[in-house]
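After this come two complexes, each holding chain A, first together with chain B and then together with chain C.
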Partner chain A sequence: MRFTTISSPHSDRPNSVSRTMLLVILALLPGALAMIWFFGWGILVNMLLASATAVACEALTMRLRGRPALPAISDYSAVLTALLFAVAVPPLLPWWLTVLGVAFAILLVKQMYGGLGYNPFNPAMAAYAVLLVSYPVQMTSWLPPEMLNEHPLTLLQAATVIFTGVLPGDLTWDALTMATPLDAMFTQLDQSRMVSEILMSPLWGDFGGRGWEWVGNWYLLGGLFLIYKRVISWHIPVSMLGSLLLVAMLFHFLDQDAYPFGLFHIFTGGTLLGAFFIATDPVSACTTKRGQLVYGASIGLLVFIIRTWGGYPDAVAFAVLLMNMAAPTIDYYTQPRAFGHQGVRRD
Partner chain B sequence: MSDVSYGKLIREGLWSNNQALVALLGLCPLLAVTNTAINGLGLGIATTLVLVMSNATVSLIRNLVRPEVRLPVFVIVIASFVTAVELSMNAWFYELYKVLGIFIPLIVTNCAIIGRAEAFASKHRLTPSLVDGLAMGLGFTCALVTLGGMRELIGMGTLFAQADLMFGDLASGWTLSLGEKFNGMLLAILPPGAFIGMGLMIALKNIIDGRLSKRAEPARTPAAEGSMETGTA
Partner chain C sequence: MQHSAQQKPRLHRFHGGLHLPENKSQSLSLPLERSRLPKRLTIPLQQHIGEMADPLVKVGDRVLKGEMLARPQGYVSAPVHAPTSGKVIAIEERPIPHPSGLPALCIVIETDGEERWCEELEPIQDFEQIDLSLLRERIRNAGIVGMGGAAFPSSVKLTPGLDNPIDTLIVNGAECEPYITCDDLLMQREAEKIILGIRIIRRLAGADRCLIGIEDNKPEAIRNLQRAVNESGEEWISVITIPTLYPSGGEKQLIRVLTGKEVPSGSIPATIGMICHNVTTAFAIAEAVTEGKPLISRYVTITGNGVAQPRNLEALIGTPVADLIEQAGGYTESVSRLIMGGPMMGFTLADDSVPITKASNCLLAADNREAPDPGIALPCIRCGQCAAACPANLLPQQMYWYARAKDLEKVQEYNLFDCIECGCCSHVCPSRIPLVQYFRFAKTESWAQEKEQRAAERARLRHEAQLVRKERLEAERKAKLRQKKEALKKKPPVKKEKTSDTSQDGADTEDPKKAAIAAALKRAAEKKAKMAAEGVEPQNREQLSESQQQAIEKVNRRRAEQQADATTSEEQGG
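Entry: the complex of A and B
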């Protein structure tokens, strides 16, 4: 009898790209389902439409580049990009904007730079930023969460609105949509109202916006699952959330009426989605551990700065894109010292 | 150097050595003013005028200027013509002049112009230099108008809006429009749109060049290409 001895490292199964992507999609599911629960069927329609567009664009570029399409599609990276995009955009976004955004993400941001592993920017966030800059009205038409929604739409109605733009019955966009908690907070702060005064509105739950905080919780759960599975390391989410919380608490401490409390920033907007699913994108983020700490902390700081003093309602996309640009430089300056080597002498 | 083929000069200026798409010179005005086709055309014509006149002058004085001081001399020549063009636009195309603003005086710093003075006009006789200036200027103008038209069409859904700034009241009806309900993509008008559009134009040019050379290749060396393919596959 022969025993084959295999030298280390030992791994229970090969760690492939498609397995990683599937795990991330799995981790995204609770949050995505919560989004559908709170914001209606439009999210589901957007997810399907975005995934179909992403796969079609991926196949198209593979054809243009003269490569087999199946391996590129079956690594699920395009689908993941599409799903991240779909949970970030408003539920009733017109279909052509979803198609435009995902096509931009896959064709220009990802494939134009050489495909998976070569894109310097996070495709989903680049597409989100492009659409937000280009079509601010459509990109900020959010629905109220389920418990505040007086006109819940059925799946068919949501699909009709998305594909034709015709609202059911005598509804108007103004009756249907509502400012997001983040938008409401900072718009009213600009009108020099006080935080305690703004928080009296039924829009607010225990930590952040009603509904939104629960979506955030489910993203948090998915993110912890990813850390447990070692798909992502803790460095980026912890440093990002930590620095955001720290700065927000500091400002809240200095002036309680002008700056909302720290947890508000964590549980509203796309913070938790961004911290666990977007900033941790292995391609466009930093790779060294010390670099990841700097990268995450800078994103947290930028999120606070852009939300508080910037003109756009949410800041995660812009913060992530800005730090994507800085990632190679951060990596350069934070390379770990190889064992047995002296530190680099800088004369 | 006296036997320059004019066909080659024109081909280089318009396509194979296009100052905007191949040499990537003069990008600052190229990216900044091309938010409409008419703005692009205006700046393109102004640049072409300066280019032709400066090429001619530099060619005429090429034997008088010592190499040590040639660059300051070229800059003075170019700056004089830019001033002349700027004053004429101020006089006759005042609205367009206001729209293009600082980018008219900035033609002085357009590398394409001093590049042609240094690389071509200072080494050639008058006529080839004139032809070179005209071809390079037209190539630059074509790139400006294409980029401007593309950005205008995507961003606002119109083409040749405000043509009356340049062609007078006669042209006020020239504007093509995709309709009132067209949702323009604002990004195309903003600076990132210029960079993305420029990149796409360069990519398109490279695709066309690739197709052309592929079409020309098999006719010349069918055997060599066959062996190449097995080697690289």
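Entry: the complex of A and C
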């Protein structure tokens, strides 16, 4: 009897790219649902719009590159990029900005470099940064969390605002939107107000902004699930959160009025989303374990620096992009000691 | 002996490794049996690492069971023996079980069913007293090779170098690959002989202690071996239960687990005073020494969803795979792949007519569920799962990148040659990239490149030696010339007369310059004749056109003149 021959191993492999991506999407859902709960239906509209755009762009480029589109779409990496983008941008972002951002992420940041696995930068964060720099007003028009929101919008109203820009009734943008807690904190610090004074506002919860901190909790839960499932390792999130917390605490104890409490940094803005879902993007991050510690810690440090002294309120996107650039070099210098080799190789 | 002082030894970890579904129980449900005598046995002459064995028989010869069919050629080699009595019907290239799928020289025996033994090897009972070289020779003559898979001639491994005294003998009973149970069964059934083999190995290698490492999924084997050790009273042997973690049966990994030491990259265990043998090898050594039985049979696991009755058989070397499958109930309908060895490191067979060899421990007939087609490889997403699983602590994703780009220098810089091809990286890869295949490719390419470089280096050395030789000849020639000149100067009148007699043109010899030219030409002609007599062709003048020949002649004449000039001016100056 004759058989086909094939190279070893001949095992039933437990893992696949689509499984990995689906697990990340699954882990993202609690946080995403919490965002819909606290910030309204606009988030959902954005998620759907972004996903559709991403899949369309992915299919288009694969066609242009003369490759089968189905395997590329069915690895769910484009959808994941879209979802990460959608939960990072304001709930009522005009539709064309979402489309523009996702198209930029997929076409330029991902596919122009060769598609999945070849992009040096995190596509969602690159798109976020480009939009933030180009359209700062739209990109910072956040809604207040559910408990502070006097004008909650229905799904239809949210969709109308996103697609037509027409606000329901006699509402104005000023009445509808509100600064994010991070924005509020640092704008007021710039105005020489003290941290304790700023925290008097009803915007604040236990650690960060009300609503925001709960979203953070759900991202944290999703992240722990990913570590448990071994989709990501603990190195990047722990080192990133650890270094951010450490340096923030240090400054806080040096001057309690000028620097907010360490946990504030963890539970506001995109810190937890970034630590578990963005910085851990395997394609653009470090791959060696020691490298991941350096990479994560550097992101944490950069987040603190950019937030505290930089011009933009949140810094996760910029910090991640900067470290994306450094990742190959870090990897090169942090190779593990191979079995049977004495000392660390290559100094 | 009691279980006294059985301290739990401190075990160590190696990086990575995998917990794989074991799938070992299937082949242990039926008892071990001896396989049926096949009609024909095909004995490959190369079943080991090293030189191929040299046939001692010819077609038509009658051979007896245990008779040496081919003798070792060179130091690193092993003989092969007739697994049963019969007639040699062919010595020719036949398909053999090898990843390359290429045929190789085999001796084919038609069995006569009489199983008549030849008493070539006498049993050695007093192996504790007998001369070491005799003991070693016996192991060599019995054709014992490493039966864990590498098939390295055991007698060579048991010849320790003077600079590396052995203190620890590691006996490998880990059997970490899924599905395979032949070592397990052997340890269960033949514990005493394994201990005997260990004592023989110790005598040859001179170790102070022996550690037998067995994975904890083989409690019966551990119990039986422990009992055998206790009964033998050999307190220097310890049976050590190690956690089941693939690939703990890799030589370097097992040494690490048992002793905490790492064999340096690119070295053998002897450099850290250790030697490692498989339990089956120890068993074969015991049989060869105390019973005079050469290596002509072994335990083989036949398993997988592709066979009806998975089991273990004691099979003669050279038995066709198809025969063994048949005795395991034949193929099931779902069979899709035939693997020799385990699922992680075994290789697929294109055809089941090939024979089993000394190193064949398992035949895995797998279906699509056990060994599915890996499908299309997707791009690497750099997730690092491969690096986390790598027992050699390498970075497979980086090595893959460079292997793919055929950047051999770079892939070696990432320690390509520390890769043991265990398959962990490929197994966990979400993109289903055949990483091990890339690394095998890179290794093969590197070896080819190295071979080329060595050839180039040899050519360079030869060229340089040639230049030195030419210079030396030139110097010698000049020295001779000077001597002659001096002789000429000392007795010019005699010389003059004599030359005028013999030379065709007396007037020319008046001129020392012309004389020198003539002498040079003569010497050149002499040298040429000498070289021609020696069969040396001085220059590539064979296929030259006439004009080229003339040009060469002209050049040569001018050279001779110049030399003559130089010598005369030298003399005049001096």
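In the analysis below, the second predicted complex is superposed on the first by the 328 of 347 C-alpha atoms of A that agree within 3 Å, B and C clash if a C-alpha of one lies under 4 Å from a C-alpha of the other, contacts with A are read in each partner's own complex, and residues count from 1 in each chain.
Assume a contact is a pair of C-beta atoms (placed from the backbone, for glycine too) under 8 Å apart; a residue touches a chain by one contact, two chains touch by 3 or more.
Just so it is clear, the structure is predicted and the values come from calculations on it, not from any experiment.
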Chain B versus chain C as contact partner of A:Arg19, first or second or both or neither: second
Partner chain(s) touched by A:Val130 [first = chain B, second = chain C, both, neither]: first
Which of chain B and chain C A:Leu108 touches, first, second, both or neither: first
Which superposed partner A:Gln191 touches (first chain B, second chain C, both, neither): neither
Between chain B and chain C, more extensive residue contact with chain A: C
Residue ranges of chain A in contact with chain C within the complex: 1-17, 19-20, 71, 75, 77, 114-118, 230, 233, 282-283, 285, 287-288, 331, 335-342, 345-346
Residues of chain B touching chain A in the complex: 183, 185-188, 190, 192, 196
Interfacial residue positions of chain A with respect to chain B in the complex: 100, 108, 130, 133-136
Chain A contact footprint on chain C (complex, rising order): 14-15, 20, 101, 178, 252, 256, 262-267, 322, 331, 336-339, 341, 343-352, 364, 366, 369-374, 376, 378-385, 387-388, 391-395, 397-398, 413-415, 418, 421, 423, 426-432, 434, 436-437, 440
